[in-house]
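Chain lettering (A, B, C and D) follows the sequence in which the chains are written, and residue indices restart at 1 in each chain.
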Amino acid sequence: MALRATPVPDNAPNKITVKELDFFYGDFHALTDITVDIKEKAVTAFIGPSGCGKSTFLRCFNRMNDLIPGARAEGLVSLDGQDIFETGVDPVDLRRRIGMIFQQPNPFPMSIYDNVAFGPRLQGVSKKAELDEIVQHSLERANLWKEVKDILGRGGLTLSGGQQQRLCIARVLAVEPEVMLMDEPCSAIDPTSVQKIEDLMAELKDRITIIIVTHNMQQAARVSDFTAFFLQEVAGDPAILVEYDRTSNLFTSPKDRRTEDYITGRFG
Amino acid sequence: MANRLVRLNTTERGVRRRMRIRAAMFATVVALVAVSSGCDRNGPAENEVIVTGSTTMLPIAEIAGEMFHDRYPDKKVLVSGLGSSAGIETVASGSSDIGTSSRDLKPAEEKLGLYDTPIAFDAIAVIVHPDNPIDSLTTEEVRAIFAGEIENWSQLGGRDKKVGLVNRDEASGTREAFDSIVMGDTPFDRTAAVLPGTGQVRSVVANAPGAIGYISLGFVNDEVKAVTIDGVTPTPEAVVTGEYPIQRLLHFYTVGPPTGLAKKYIDFVLSPAVQDTIIQDAGFTPIIGGDR
Amino acid sequence: MSKRITNAIALGMLWIAALITVAVLGTVIGYVVINGIGELSPRFIFTWPEGVAAEGGVWPTIVSTLYVTALAMVIITPIAILAAVYLAEYAVQGRLVGTIRFAADSLASVPSIVMGLFGLALFVEAAGIGFSMLSAALALSFLMLPIVMRTTEEAIRAVPKYIRWGSYGLGATKWQTVSRIVLPAAMPRIITGIILSTGRAVGETAVVIYTMGQAINLPVSPLDSGRPMTVHLYLLAMEGINLPAAYGTALLLMILILGFNLGARFFLRRNRKV
Amino acid sequence: MSETPGTQAGSGTLQLVSRRTYFKELALKNLFLLCAGVAVAGVVLIFAFVGVRGWPIFAEVGPWAFLAGREWNPTAGLYGILPLIYGSVVVMLGALAIGTPLAVGTAIFLSEIATPRVRSIVRPAVELLAGIPSVIYGFFGLIILRPIIADATGGLGFGAVTAWLILAIMIVPTIAAISEDALRSIPPGIREASYAMGATTWQTIYKVLVPAAKIGIIDAIILGMGRAIGETMAVLMVVGNAPVFPESISDPIATLTTQIVMDMPYAAGDHRTALFGMGIILFLVSMGLVALVRLMSRFQTAMESGR
């Protein structure tokens, strides 16, 4: 909390707008009727019991679900007012602008340097000096530079779990995304590293819109400005968005009884 | 083209008899021979001798050709194995200098006016296990055994032991010779084991007490016993005198008496440098004196 | 009989089965080594066979074997790897994929003599390539294709999904992900598969006997014929006149193949980081 | 938002998929599909080229005379391959009878009994067994095994029994590897449940694991069967190559594969066509066995999902 800068003003522009989104895996209806506005340069947290579709929802934003055969979305998701499902929109370009961090730290089996340089290289940056600068800058922003500056040639997989996750963050930062999606980024790493990553999020949010999925309510309360609570009420039915509000409001005075039950630990 | 032909043929050295160019290669080789002879024969062809014919004789003609080339580096011997009939045909038609044949001329071929230079005897010994009490057989008995009519050695006064027939594969020159000299019109017993190599026939007979097989005389050693045929012990001498019945001559045919390089090559083949080495290594019996 | 005795006897039998398997391997290898070791010499390896009984060395057969194997590898590796990429990364389960898999399985089980006849009919005769390294390599490629395809596909599937996601998440296209992330990560296992299939090609006899010819020759161009070590061994063994050379050839062949096998294992162990 | 430091120039409207990228990716995908299609092309080509060369024999001699003819004597114009089919089947069955217990036993040993240390010796041994070229097995059979069989039977040592022993060893790696996979894919919980009920190791293997891995083991045996029927060089060197119905298992015999190799060097005309015809039959049999394995796995999936 201490690290948080000034609160996000109410009139902050919407970065991502979602209207009446339904999502299906083949015959399985996973999400229904989701409507939400994600504020720019804020941290938004998605919470809810496991299996409630919050990760699925997150993956709609950069169309990672396209990679799953049979998955389809109905409704509107727009980035800066533009429909991302519109015919012809390049998911590859979308993903350059919306970076993603996964639950499992997933450095590529190559050197630390090559990991970070991967994105810029995809976009055609090939000058050594330019790459060096991007790599250093990105690692610095991910608070990893001091730890790895002498071992840039070493394999990314030789780092500790927490370092690996920060390497992945640096890798995403290297392509200068506008939005960073984080899918339970701290669930597979040790507590000290969790602290580092949470600090990092606070530093990053003055330039980047962050959406984090977490099963950890304390984490959501610590790092986010806004929180959305998802719930699948009956097994087999699609999940819904129960409540969405400023984090401070949602945790102190939830409007929905189901939210209250969840945050007070009555289920989930 | 000529260069390729040399490699194709003269490098076919190695194990005897298996050196035949495959039937499938037949067409290719015929074509190559035709082409190479076509172009080479028009020019001053005095540096090459083209030898075609018997597959049985392919290895000796070839290796002798290499030795000839070693001795006269500017001369080449191009050898291909197409079968005896093809050898006779090609030499008669002028597309080769020497036709090799493991059989005598047929009546129709005698009109072609070919000159015969025998270069070796191909004599075949009938071999049994050394412990087999049978020492001698007649040609008729050998035929009956290989036809499957005699199935037990006791029928010939030997032990009560089943006859284990060992035949050669149908692509074998030895089988062809044995078939024409001994079997005639009588078919082989088809239950016989068929082996594609001389050494295997010998080693199988060497350790199976009831076995009987046939191999070129030159390959007989003391692991096996070569029986007398019609009372004649198979020895080089008996072959040369013509007493030993299971034998044939290997011929070089030329159009008229050999001349020029062909004569040089034939003389080389008849010289001790070839007769005492390759001819014997290949299991054949040398021509002593070179005439008969 | 009591439960425990039955158990002991049954387990004993299983031990015996395993022991027989290992013992047979030991016997075959031991037999070839003991009989062949005396033959091995630089002269045997580096000179030509001479005379009617193939005295001397086996050099041209070694060259022919390595030549045809390398050629087959060059032909088939790119095709097999890309085919595996298709199956592992692009294909959607369906009739097409089913057909491809069935075809690959069928190719893997085609008797090698049939592959030999096929090579003879198509490459040697119909295509007019003749008995040559190329004909033999093409026929061998079909034999190696399913092996390399399968090991590559398994290797690709073994690359964790997370790593792929990381790449897509950075805005990589499918091909960028496959070529820059997935294939490099799978490479050690792919190479192992290639080495193993190469070992198979080295030991193959019936395919090459009808496609390479049998003439002893030192191949230079892919259109040259030759005689591989396996065919040389077969001819020496069946001829039975020069068995020492057969033992020597068998030992060399075995060394080559064990070399490929152990090499593949060693390579995989050293590079198994992912 | 363009004044925001750090956001890159590409922000603003989302790019559409560029035509270049689209076609490049599409072209690559089709290239890969083409490569995968080589496998299909291979099967079709084999069928076409061996088929075209071999098909006329069915017309020339008649399918019945070819397949059921009791005499293979090309010089006499007799192209009956029944004795060769008989030889192939006899050799295959005997090899399976000897090889299967050995292979399945080894597989069970590897998956259920061996300690990691023992496993690390036995498993590579089984794999190496698969790597040894068939011509070396044949050589071994010819030089070592044949004389032993000759002494034991009083015959020449060529025949089905020698081929059985050699082939049995050669199919062990095939059967063992696939059976072991089948056994290992059984969830560990099943074993624990059986042991917890007081079953001995053998009872667990015999009553629980082998039935559970049954389909996989049968697959393995079918593929071993294919290997045995298709094996050429090793069998060729030890069967004696007499294309007849043998009187005993130690009399010379010939199989489809060995007869092709024996006859190819000199075969011409109908004879050669007949050899290609035998090739088609071998090809169809091997494909049929693969199809059978696929059918079985489909059957198994159906059964499991039905449960």
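Operating definition for what follows: a residue touches a chain if its C-beta (ideal position, glycine included) is under 8 Å from a C-beta of that chain, and two chains touch if they have at least 3 such contacts.
All values reported here derive from a predicted model rather than from experimental measurement.
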Check: Listed by label, which chains are in contact with chain B and with chain D?
Finding: C
Notebook entry, point to check: Centre of all protein Cα atoms: which chain's centre is nearest to it?
Noted result: C
Checklist line | Between B-C and A-D, the pair with more C-beta contacts | finding: B-C
Notebook entry, point to check: If you take the mean of the Cα atoms for each chain, which one ends up farthest from chain C?
Noted result: A
Checklist line | Rounded Å distance between chain A and chain B, as computed from the means of their C-alpha atoms | finding: 85
Next item on the list: Determine the centre-to-centre distance between chain A and chain D, using the mean Cα coordinates as centres, and give it in whole Å.
Entry: 50
Next item on the list: Mind checking the centre-to-centre distance between chain B and chain C? Centres are C-alpha means, answer in whole Å.
Entry: 38
Item checked: Chain centre separation in whole Å, for chain C relative to chain A (CA means) -> 47
Item checked: Residues of chain D engaged with two or more neighbouring chains -> 21, 142, 264
Check: Where in chain C do residues touch two or more other chains at once?
Finding: 173, 210, 237-238, 243
Notebook entry, point to check: Mind pulling the chain B residues that touch 2 or more other chains?
Noted result: 22, 24, 195-196, 200
Notebook entry, point to check: Chain contact graph: line, ring, star, complete or other?
Noted result: other
Note to self: Strictly by the criterion at the top, what is the full list of touching chain pairs?
What the structure shows: A-C, A-D, B-C, B-D, C-D
Check: Where on chain A is chain C touching in the complex?
Finding: 62, 64, 67, 69, 92-97, 99-102, 104, 106-110, 118-119, 122-123, 155, 157, 168, 171-172, 175, 181
Checklist line | Touching residues on chain C, where the partner in the complex is chain A | finding: 92, 160, 162-163, 165-173, 176, 180-181, 184-185, 273-274
Checklist line | Residue ranges of chain B in contact with chain D within the complex | finding: 20, 22-24, 161-162, 164, 166, 169-171, 187, 190-196, 200, 204, 207-211
Next item on the list: Sort out for me which residues of chain D touch chain B in the complex.
Entry: 73, 75-76, 142, 146-147, 150-151, 154-158, 240-244, 246-247, 251-252, 254, 262-268, 272
Notebook entry, point to check: What residues on chain D touch chain C, complex-wise?
Noted result: 21, 24-25, 28-29, 31-33, 35-40, 42-43, 45-46, 49-50, 52-53, 101-106, 108-110, 112-114, 118, 121-122, 124-129, 131-140, 142-144, 169, 172, 176, 200-203, 205-206, 223, 226-227, 229-233, 237, 257, 260-261, 264, 275-276, 279, 282-283, 286-287, 289-291, 293-294
